[in-house]
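Letters are used for the chains, namely A, B, C and D, taken in the order the chains are written, and counting of residues starts over at 1 for each.
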Amino acid sequence: MEEQTHTEKRTVQPHKQQMLNRLKRIEGQVRGVHNMVEDDRYCVDILNQIAAIQSAVNKVSVQLMEDHTHHCVSNAIESGEGEESINELMDVMKRMLK
Amino acid sequence: MEEQTHTEKRTVQPHKQQMLNRLKRIEGQVRGVHNMVEDDRYCVDILNQIAAIQSAVNKVSVQLMEDHTHHCVSNAIESGEGEESINELMDVMKRMLK
Amino acid sequence: MEEQTHTEKRTVQPHKQQMLNRLKRIEGQVRGVHNMVEDDRYCVDILNQIAAIQSAVNKVSVQLMEDHTHHCVSNAIESGEGEESINELMDVMKRMLK
Amino acid sequence: MEEQTHTEKRTVQPHKQQMLNRLKRIEGQVRGVHNMVEDDRYCVDILNQIAAIQSAVNKVSVQLMEDHTHHCVSNAIESGEGEESINELMDVMKRMLK
(Lines give C-alpha, C1' and ligand atoms only; values in the text may rest on other atoms or scores of the structure.)
Protein backbone atom coordinates (compact mmCIF):
# COMPACT_ATOMS: atom_id res chain seq x y z
CA MET A 1 0.00 0.00 0.00
CA GLU A 2 2.70 2.48 1.01
CA GLU A 3 6.11 2.82 -0.74
CA GLN A 4 8.58 5.07 1.08
CA THR A 5 10.53 7.02 -1.54
CA HIS A 6 13.48 9.13 -0.52
CA THR A 7 11.55 12.32 -1.42
CA GLU A 8 7.97 11.79 -0.09
CA LYS A 9 5.54 9.06 1.00
CA ARG A 10 3.60 7.34 -1.76
CA THR A 11 0.22 5.66 -1.28
CA VAL A 12 -1.71 3.74 -3.92
CA GLN A 13 -5.36 4.45 -2.99
CA PRO A 14 -7.47 1.26 -2.66
CA HIS A 15 -10.40 3.12 -4.34
CA LYS A 16 -8.17 4.96 -6.82
CA GLN A 17 -10.30 4.71 -9.98
CA GLN A 18 -13.53 5.50 -8.13
CA MET A 19 -11.87 8.58 -6.65
CA LEU A 20 -10.49 9.74 -10.01
CA ASN A 21 -13.99 9.43 -11.55
CA ARG A 22 -15.57 11.42 -8.70
CA LEU A 23 -12.95 14.15 -8.99
CA LYS A 24 -13.55 14.38 -12.77
CA ARG A 25 -17.29 14.78 -12.09
CA ILE A 26 -16.66 17.47 -9.46
CA GLU A 27 -14.44 19.33 -11.90
CA GLY A 28 -17.33 19.32 -14.39
CA GLN A 29 -19.77 20.49 -11.70
CA VAL A 30 -17.52 23.44 -10.86
CA ARG A 31 -17.35 24.35 -14.57
CA GLY A 32 -21.16 24.11 -14.62
CA VAL A 33 -21.49 26.61 -11.76
CA HIS A 34 -19.04 28.91 -13.56
CA ASN A 35 -21.36 28.87 -16.57
CA MET A 36 -24.43 29.51 -14.39
CA VAL A 37 -22.80 32.64 -12.93
CA GLU A 38 -21.71 33.65 -16.47
CA ASP A 39 -25.34 33.28 -17.65
CA ASP A 40 -26.70 35.30 -14.67
CA ARG A 41 -28.72 32.37 -13.45
CA TYR A 42 -30.86 32.84 -10.29
CA CYS A 43 -28.77 32.82 -7.08
CA VAL A 44 -30.70 30.00 -5.38
CA ASP A 45 -30.26 27.70 -8.40
CA ILE A 46 -26.51 28.34 -8.23
CA LEU A 47 -26.42 27.87 -4.43
CA ASN A 48 -28.12 24.49 -4.83
CA GLN A 49 -25.47 23.39 -7.32
CA ILE A 50 -22.71 24.54 -4.98
CA ALA A 51 -24.30 22.51 -2.16
CA ALA A 52 -24.12 19.45 -4.46
CA ILE A 53 -20.40 20.13 -5.05
CA GLN A 54 -19.76 20.46 -1.31
CA SER A 55 -21.47 17.15 -0.68
CA ALA A 56 -19.46 15.42 -3.45
CA VAL A 57 -16.17 16.85 -2.16
CA ASN A 58 -17.04 15.71 1.39
CA LYS A 59 -17.62 12.16 0.13
CA VAL A 60 -14.18 12.04 -1.50
CA SER A 61 -12.63 13.39 1.70
CA VAL A 62 -14.36 10.87 3.98
CA GLN A 63 -13.49 7.94 1.68
CA LEU A 64 -9.85 9.01 1.59
CA MET A 65 -9.71 9.43 5.39
CA GLU A 66 -11.32 6.02 5.90
CA ASP A 67 -8.81 4.28 3.61
CA HIS A 68 -5.94 6.19 5.20
CA THR A 69 -6.99 5.09 8.67
CA HIS A 70 -7.50 1.46 7.70
CA HIS A 71 -4.11 1.27 5.96
CA CYS A 72 -1.49 3.91 6.73
CA VAL A 73 -2.53 4.63 10.35
CA SER A 74 -3.12 0.97 11.14
CA ASN A 75 0.28 -0.02 9.66
CA ALA A 76 2.00 2.76 11.60
CA ILE A 77 0.44 1.56 14.87
CA GLU A 78 1.37 -2.05 14.16
CA SER A 79 4.98 -1.01 13.50
CA GLY A 80 5.12 0.98 16.74
CA GLU A 81 4.86 4.45 15.10
CA GLY A 82 1.21 5.05 15.96
CA GLU A 83 1.60 8.24 18.03
CA GLU A 84 2.68 10.49 15.17
CA SER A 85 0.28 8.94 12.69
CA ILE A 86 -2.70 9.35 15.04
CA ASN A 87 -1.76 12.99 15.72
CA GLU A 88 -1.62 13.54 11.95
CA LEU A 89 -5.06 11.90 11.56
CA MET A 90 -6.53 14.06 14.32
CA ASP A 91 -5.25 17.24 12.61
CA VAL A 92 -6.99 16.12 9.42
CA MET A 93 -10.23 15.37 11.30
CA LYS A 94 -10.18 18.75 13.07
CA ARG A 95 -9.74 20.56 9.74
CA MET A 96 -12.63 18.59 8.27
CA LEU A 97 -14.82 19.47 11.26
CA LYS A 98 -14.23 23.21 10.79
CA MET B 1 -30.39 43.44 -10.47
CA GLU B 2 -33.14 40.96 -11.30
CA GLU B 3 -34.76 40.57 -14.77
CA GLN B 4 -37.80 38.27 -14.90
CA THR B 5 -37.68 36.36 -18.20
CA HIS B 6 -40.58 34.18 -19.26
CA THR B 7 -38.48 31.01 -18.66
CA GLU B 8 -36.53 31.59 -15.38
CA LYS B 9 -35.31 34.32 -13.02
CA ARG B 10 -32.08 36.05 -13.99
CA THR B 11 -29.72 37.73 -11.54
CA VAL B 12 -26.57 39.65 -12.43
CA GLN B 13 -24.24 38.96 -9.48
CA PRO B 14 -22.78 42.15 -7.96
CA HIS B 15 -19.44 40.29 -7.48
CA LYS B 16 -19.68 38.44 -10.80
CA GLN B 17 -16.07 38.70 -12.00
CA GLN B 18 -14.64 37.91 -8.56
CA MET B 19 -16.85 34.83 -8.38
CA LEU B 20 -15.87 33.67 -11.88
CA ASN B 21 -12.18 34.00 -10.97
CA ARG B 22 -12.68 32.02 -7.75
CA LEU B 23 -14.55 29.26 -9.56
CA LYS B 24 -11.78 29.01 -12.19
CA ARG B 25 -9.23 28.63 -9.37
CA ILE B 26 -11.34 25.95 -7.66
CA GLU B 27 -11.61 24.07 -10.94
CA GLY B 28 -7.78 24.10 -11.15
CA GLN B 29 -7.51 22.92 -7.52
CA VAL B 30 -9.81 19.97 -8.23
CA ARG B 31 -7.67 19.03 -11.25
CA GLY B 32 -4.64 19.30 -8.98
CA VAL B 33 -6.13 16.79 -6.51
CA HIS B 34 -6.98 14.49 -9.43
CA ASN B 35 -3.28 14.53 -10.40
CA MET B 36 -2.19 13.88 -6.80
CA VAL B 37 -4.38 10.76 -6.62
CA GLU B 38 -3.09 9.73 -10.08
CA ASP B 39 0.51 10.11 -8.80
CA ASP B 40 -0.22 8.08 -5.60
CA ARG B 41 0.63 11.02 -3.43
CA TYR B 42 0.40 10.56 0.39
CA CYS B 43 -3.22 10.60 1.66
CA VAL B 44 -2.73 13.41 4.17
CA ASP B 45 -1.22 15.71 1.52
CA ILE B 46 -4.30 15.07 -0.65
CA LEU B 47 -6.68 15.55 2.30
CA ASN B 48 -5.08 18.93 3.02
CA GLN B 49 -5.66 20.02 -0.58
CA ILE B 50 -9.29 18.88 -0.40
CA ALA B 51 -9.74 20.93 2.80
CA ALA B 52 -8.48 23.99 0.85
CA ILE B 53 -11.06 23.30 -1.89
CA GLN B 54 -13.86 22.98 0.69
CA SER B 55 -12.87 26.30 2.23
CA ALA B 56 -12.78 28.02 -1.20
CA VAL B 57 -16.16 26.59 -2.19
CA ASN B 58 -17.65 27.74 1.15
CA LYS B 59 -16.43 31.28 0.50
CA VAL B 60 -18.17 31.40 -2.89
CA SER B 61 -21.33 30.05 -1.30
CA VAL B 62 -21.36 32.57 1.55
CA GLN B 63 -20.66 35.51 -0.80
CA LEU B 64 -23.51 34.42 -3.07
CA MET B 65 -25.90 33.99 -0.13
CA GLU B 66 -24.95 37.43 1.21
CA ASP B 67 -25.55 39.15 -2.15
CA HIS B 68 -28.80 37.23 -2.63
CA THR B 69 -30.09 38.34 0.78
CA HIS B 70 -29.10 41.99 0.27
CA HIS B 71 -30.73 42.15 -3.16
CA CYS B 72 -33.27 39.46 -4.13
CA VAL B 73 -34.64 38.77 -0.62
CA SER B 74 -34.67 42.42 0.34
CA ASN B 75 -36.48 43.40 -2.92
CA ALA B 76 -39.01 40.59 -2.41
CA ILE B 77 -39.78 41.81 1.13
CA GLU B 78 -40.13 45.41 -0.05
CA SER B 79 -42.56 44.32 -2.76
CA GLY B 80 -44.64 42.32 -0.27
CA GLU B 81 -43.39 38.86 -1.37
CA GLY B 82 -41.01 38.31 1.55
CA GLU B 83 -42.58 35.13 2.96
CA GLU B 84 -41.66 32.86 0.04
CA SER B 85 -38.25 34.45 -0.46
CA ILE B 86 -37.31 34.03 3.22
CA ASN B 87 -38.46 30.39 3.19
CA GLU B 88 -36.28 29.84 0.10
CA LEU B 89 -33.31 31.47 1.90
CA MET B 90 -33.84 29.29 4.97
CA ASP B 91 -33.87 26.12 2.82
CA VAL B 92 -30.54 27.18 1.30
CA MET B 93 -29.15 27.92 4.76
CA LYS B 94 -30.23 24.54 6.15
CA ARG B 95 -28.57 22.75 3.22
CA MET B 96 -25.36 24.70 3.81
CA LEU B 97 -25.47 23.75 7.51
CA LYS B 98 -25.61 20.01 6.70
CA MET C 1 -43.09 41.15 18.04
CA GLU C 2 -40.29 43.60 18.93
CA GLU C 3 -40.41 46.21 21.74
CA GLN C 4 -37.55 48.71 21.77
CA THR C 5 -36.66 49.41 25.41
CA HIS C 6 -34.19 52.15 26.28
CA THR C 7 -31.64 49.51 27.34
CA GLU C 8 -31.82 46.63 24.80
CA LYS C 9 -34.07 45.12 22.10
CA ARG C 10 -36.71 42.68 23.30
CA THR C 11 -38.24 39.95 21.15
CA VAL C 12 -41.03 37.60 22.17
CA GLN C 13 -40.19 34.36 20.30
CA PRO C 14 -43.12 33.01 18.26
CA HIS C 15 -42.09 29.45 19.28
CA LYS C 16 -41.16 30.43 22.84
CA GLN C 17 -42.60 27.49 24.79
CA GLN C 18 -41.32 24.91 22.26
CA MET C 19 -37.85 26.45 22.53
CA LEU C 20 -37.93 26.48 26.34
CA ASN C 21 -38.90 22.79 26.36
CA ARG C 22 -36.09 21.91 23.93
CA LEU C 23 -33.52 23.81 25.97
CA LYS C 24 -34.68 22.02 29.16
CA ARG C 25 -34.21 18.66 27.37
CA ILE C 26 -30.75 19.66 26.13
CA GLU C 27 -29.78 20.66 29.66
CA GLY C 28 -30.79 17.16 30.80
CA GLN C 29 -28.84 15.55 27.96
CA VAL C 30 -25.68 17.46 28.96
CA ARG C 31 -26.14 16.29 32.56
CA GLY C 32 -26.54 12.75 31.17
CA VAL C 33 -23.20 12.96 29.33
CA HIS C 34 -21.59 14.31 32.51
CA ASN C 35 -22.80 11.17 34.33
CA MET C 36 -21.54 8.91 31.52
CA VAL C 37 -18.04 10.40 31.82
CA GLU C 38 -18.30 10.13 35.63
CA ASP C 39 -19.21 6.42 35.26
CA ASP C 40 -16.32 5.76 32.81
CA ARG C 41 -18.71 4.75 30.10
CA TYR C 42 -17.24 3.68 26.70
CA CYS C 43 -16.04 6.66 24.62
CA VAL C 44 -18.14 5.84 21.55
CA ASP C 45 -21.34 5.66 23.63
CA ILE C 46 -20.54 9.12 25.01
CA LEU C 47 -19.62 10.49 21.55
CA ASN C 48 -22.99 9.31 20.22
CA GLN C 49 -24.80 11.16 23.01
CA ILE C 50 -22.79 14.32 22.30
CA ALA C 51 -23.75 14.05 18.60
CA ALA C 52 -27.42 13.98 19.71
CA ILE C 53 -26.86 17.15 21.77
CA GLN C 54 -25.19 18.89 18.80
CA SER C 55 -28.13 18.02 16.60
CA ALA C 56 -30.66 19.27 19.19
CA VAL C 57 -28.74 22.54 19.68
CA ASN C 58 -28.57 23.04 15.89
CA LYS C 59 -32.36 22.67 15.65
CA VAL C 60 -32.91 25.38 18.27
CA SER C 61 -30.46 27.63 16.45
CA VAL C 62 -32.08 27.15 13.02
CA GLN C 63 -35.60 27.69 14.42
CA LEU C 64 -34.49 30.90 16.12
CA MET C 65 -32.74 32.17 12.97
CA GLU C 66 -35.80 31.37 10.86
CA ASP C 67 -38.14 33.25 13.22
CA HIS C 68 -35.68 36.15 13.45
CA THR C 69 -35.52 36.44 9.65
CA HIS C 70 -39.28 36.24 9.18
CA HIS C 71 -39.95 38.89 11.84
CA CYS C 72 -37.10 41.17 12.93
CA VAL C 73 -35.19 41.23 9.61
CA SER C 74 -38.34 41.51 7.54
CA ASN C 75 -39.66 44.37 9.72
CA ALA C 76 -36.32 46.17 9.50
CA ILE C 77 -36.33 45.93 5.69
CA GLU C 78 -39.93 47.15 5.49
CA SER C 79 -39.04 50.15 7.68
CA GLY C 80 -36.04 50.99 5.52
CA GLU C 81 -33.38 49.68 7.96
CA GLY C 82 -32.66 46.44 6.10
CA GLU C 83 -28.93 46.96 5.44
CA GLU C 84 -27.80 46.70 9.07
CA SER C 85 -30.24 43.92 9.91
CA ILE C 86 -29.13 41.80 6.93
CA ASN C 87 -25.45 42.33 7.81
CA GLU C 88 -26.26 41.18 11.36
CA LEU C 89 -28.07 38.10 9.96
CA MET C 90 -25.12 37.26 7.70
CA ASP C 91 -22.72 37.41 10.66
CA VAL C 92 -24.96 34.94 12.52
CA MET C 93 -25.12 32.65 9.46
CA LYS C 94 -21.33 32.72 9.00
CA ARG C 95 -20.81 31.79 12.67
CA MET C 96 -23.28 28.91 12.33
CA LEU C 97 -21.47 27.68 9.20
CA LYS C 98 -18.12 27.50 11.01
CA MET D 1 -7.42 2.26 30.33
CA GLU D 2 -10.15 -0.17 29.26
CA GLU D 3 -11.83 -2.77 31.52
CA GLN D 4 -14.12 -5.27 29.78
CA THR D 5 -17.10 -5.91 32.10
CA HIS D 6 -19.67 -8.56 31.24
CA THR D 7 -22.27 -5.80 30.63
CA GLU D 8 -20.45 -3.01 28.71
CA LYS D 9 -17.01 -1.59 27.97
CA ARG D 10 -15.60 0.83 30.54
CA THR D 11 -13.06 3.55 29.76
CA VAL D 12 -11.46 5.91 32.27
CA GLN D 13 -10.98 9.14 30.29
CA PRO D 14 -7.40 10.48 30.48
CA HIS D 15 -8.84 14.06 30.67
CA LYS D 16 -11.76 13.06 32.90
CA GLN D 17 -11.80 16.01 35.32
CA GLN D 18 -11.26 18.57 32.54
CA MET D 19 -14.16 17.06 30.63
CA LEU D 20 -16.45 17.02 33.68
CA ASN D 21 -15.67 20.72 34.30
CA ARG D 22 -16.40 21.61 30.66
CA LEU D 23 -19.69 19.71 30.71
CA LYS D 24 -20.73 21.51 33.93
CA ARG D 25 -20.00 24.86 32.23
CA ILE D 26 -21.98 23.86 29.12
CA GLU D 27 -24.92 22.85 31.34
CA GLY D 28 -24.80 26.36 32.85
CA GLN D 29 -24.61 27.97 29.40
CA VAL D 30 -27.71 26.05 28.27
CA ARG D 31 -29.57 27.23 31.40
CA GLY D 32 -28.40 30.76 30.54
CA VAL D 33 -29.93 30.56 27.05
CA HIS D 34 -33.14 29.21 28.57
CA ASN D 35 -33.30 32.34 30.75
CA MET D 36 -32.60 34.62 27.77
CA VAL D 37 -35.54 33.11 25.84
CA GLU D 38 -37.66 33.38 29.02
CA ASP D 39 -36.72 37.09 29.28
CA ASP D 40 -37.50 37.75 25.57
CA ARG D 41 -33.97 38.78 24.90
CA TYR D 42 -33.05 39.85 21.32
CA CYS D 43 -32.72 36.86 18.93
CA VAL D 44 -29.18 37.69 17.78
CA ASP D 45 -27.93 37.88 21.39
CA ILE D 46 -29.41 34.42 21.99
CA LEU D 47 -27.99 33.05 18.72
CA ASN D 48 -24.52 34.23 19.71
CA GLN D 49 -24.80 32.37 23.03
CA ILE D 50 -25.94 29.22 21.22
CA ALA D 51 -22.91 29.49 18.89
CA ALA D 52 -20.70 29.56 22.02
CA ILE D 53 -22.41 26.38 23.31
CA GLN D 54 -21.90 24.64 19.95
CA SER D 55 -18.23 25.52 19.99
CA ALA D 56 -17.82 24.25 23.59
CA VAL D 57 -19.64 20.98 22.79
CA ASN D 58 -17.43 20.48 19.70
CA LYS D 59 -14.30 20.86 21.84
CA VAL D 60 -15.47 18.13 24.23
CA SER D 61 -16.29 15.89 21.29
CA VAL D 62 -12.91 16.38 19.58
CA GLN D 63 -10.99 15.82 22.85
CA LEU D 64 -12.92 12.61 23.47
CA MET D 65 -12.35 11.36 19.89
CA GLU D 66 -8.64 12.14 20.15
CA ASP D 67 -8.25 10.24 23.45
CA HIS D 68 -10.34 7.36 22.11
CA THR D 69 -8.14 7.05 19.02
CA HIS D 70 -4.87 7.24 20.96
CA HIS D 71 -6.01 4.59 23.44
CA CYS D 72 -8.95 2.33 22.56
CA VAL D 73 -8.42 2.28 18.77
CA SER D 74 -4.66 1.97 19.07
CA ASN D 75 -4.98 -0.89 21.59
CA ALA D 76 -7.52 -2.65 19.36
CA ILE D 77 -5.16 -2.45 16.36
CA GLU D 78 -2.22 -3.71 18.42
CA SER D 79 -4.29 -6.68 19.59
CA GLY D 80 -5.36 -7.49 16.04
CA GLU D 81 -8.93 -6.14 16.35
CA GLY D 82 -8.33 -2.90 14.46
CA GLU D 83 -10.87 -3.41 11.65
CA GLU D 84 -13.98 -3.12 13.82
CA SER D 85 -12.54 -0.35 15.98
CA ILE D 86 -11.60 1.76 12.93
CA ASN D 87 -15.06 1.26 11.40
CA GLU D 88 -16.57 2.40 14.72
CA LEU D 89 -14.30 5.49 14.70
CA MET D 90 -15.28 6.33 11.11
CA ASP D 91 -19.00 6.12 12.00
CA VAL D 92 -18.42 8.57 14.85
CA MET D 93 -16.46 10.86 12.55
CA LYS D 94 -19.16 10.82 9.84
CA ARG D 95 -21.81 11.71 12.45
CA MET D 96 -19.66 14.60 13.68
CA LEU D 97 -19.24 15.85 10.09
CA LYS D 98 -23.02 16.04 9.57
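Convention: contacts are C-beta pairs under 8 Å (C-beta built on N, C-alpha and C of every residue); 3 or more make two chains touch, one makes a residue touch a chain.
Composition by chain, UniProt nomenclature: A, B, C, D = DNA-binding transcriptional regulator, FrmR family.
In this text, all values refer to a predicted model and were calculated from it rather than measured experimentally.
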Note to self: When contacts are scored as defined above, which chain pair ends up with more C-beta pairs, B-C or C-D?
What the structure shows: C-D
Checklist line | Whole-Å gap between the CA centroids of chain B and chain C | finding: 25
Next item on the list: Averaged over CA atoms, how far is the centre of chain C from the centre of chain D? Could you give it in whole Å?
Entry: 19
Margin query: Where in chain A do residues touch at least two different other chains?
Written below: 58, 65, 96
Next item on the list: Specify the contact topology among the chains shown, as one of line, ring, star, complete or other.
Entry: ring
Margin query: Under the definition above, what is the set of chain D residues touching chain C in their complex?
Written below: 8-13, 16, 19-20, 23-24, 26-27, 30-31, 33-34, 37-38, 40-48, 50-51, 53-54, 57-58, 60-61, 64-65, 67-68, 72, 88, 92, 95-96, 98
Item checked: chain A - residues contacting chain D, complex -> 58, 62, 65-66, 69-70, 73-74, 77-78, 82-83, 86, 89-90, 93-94, 96-97
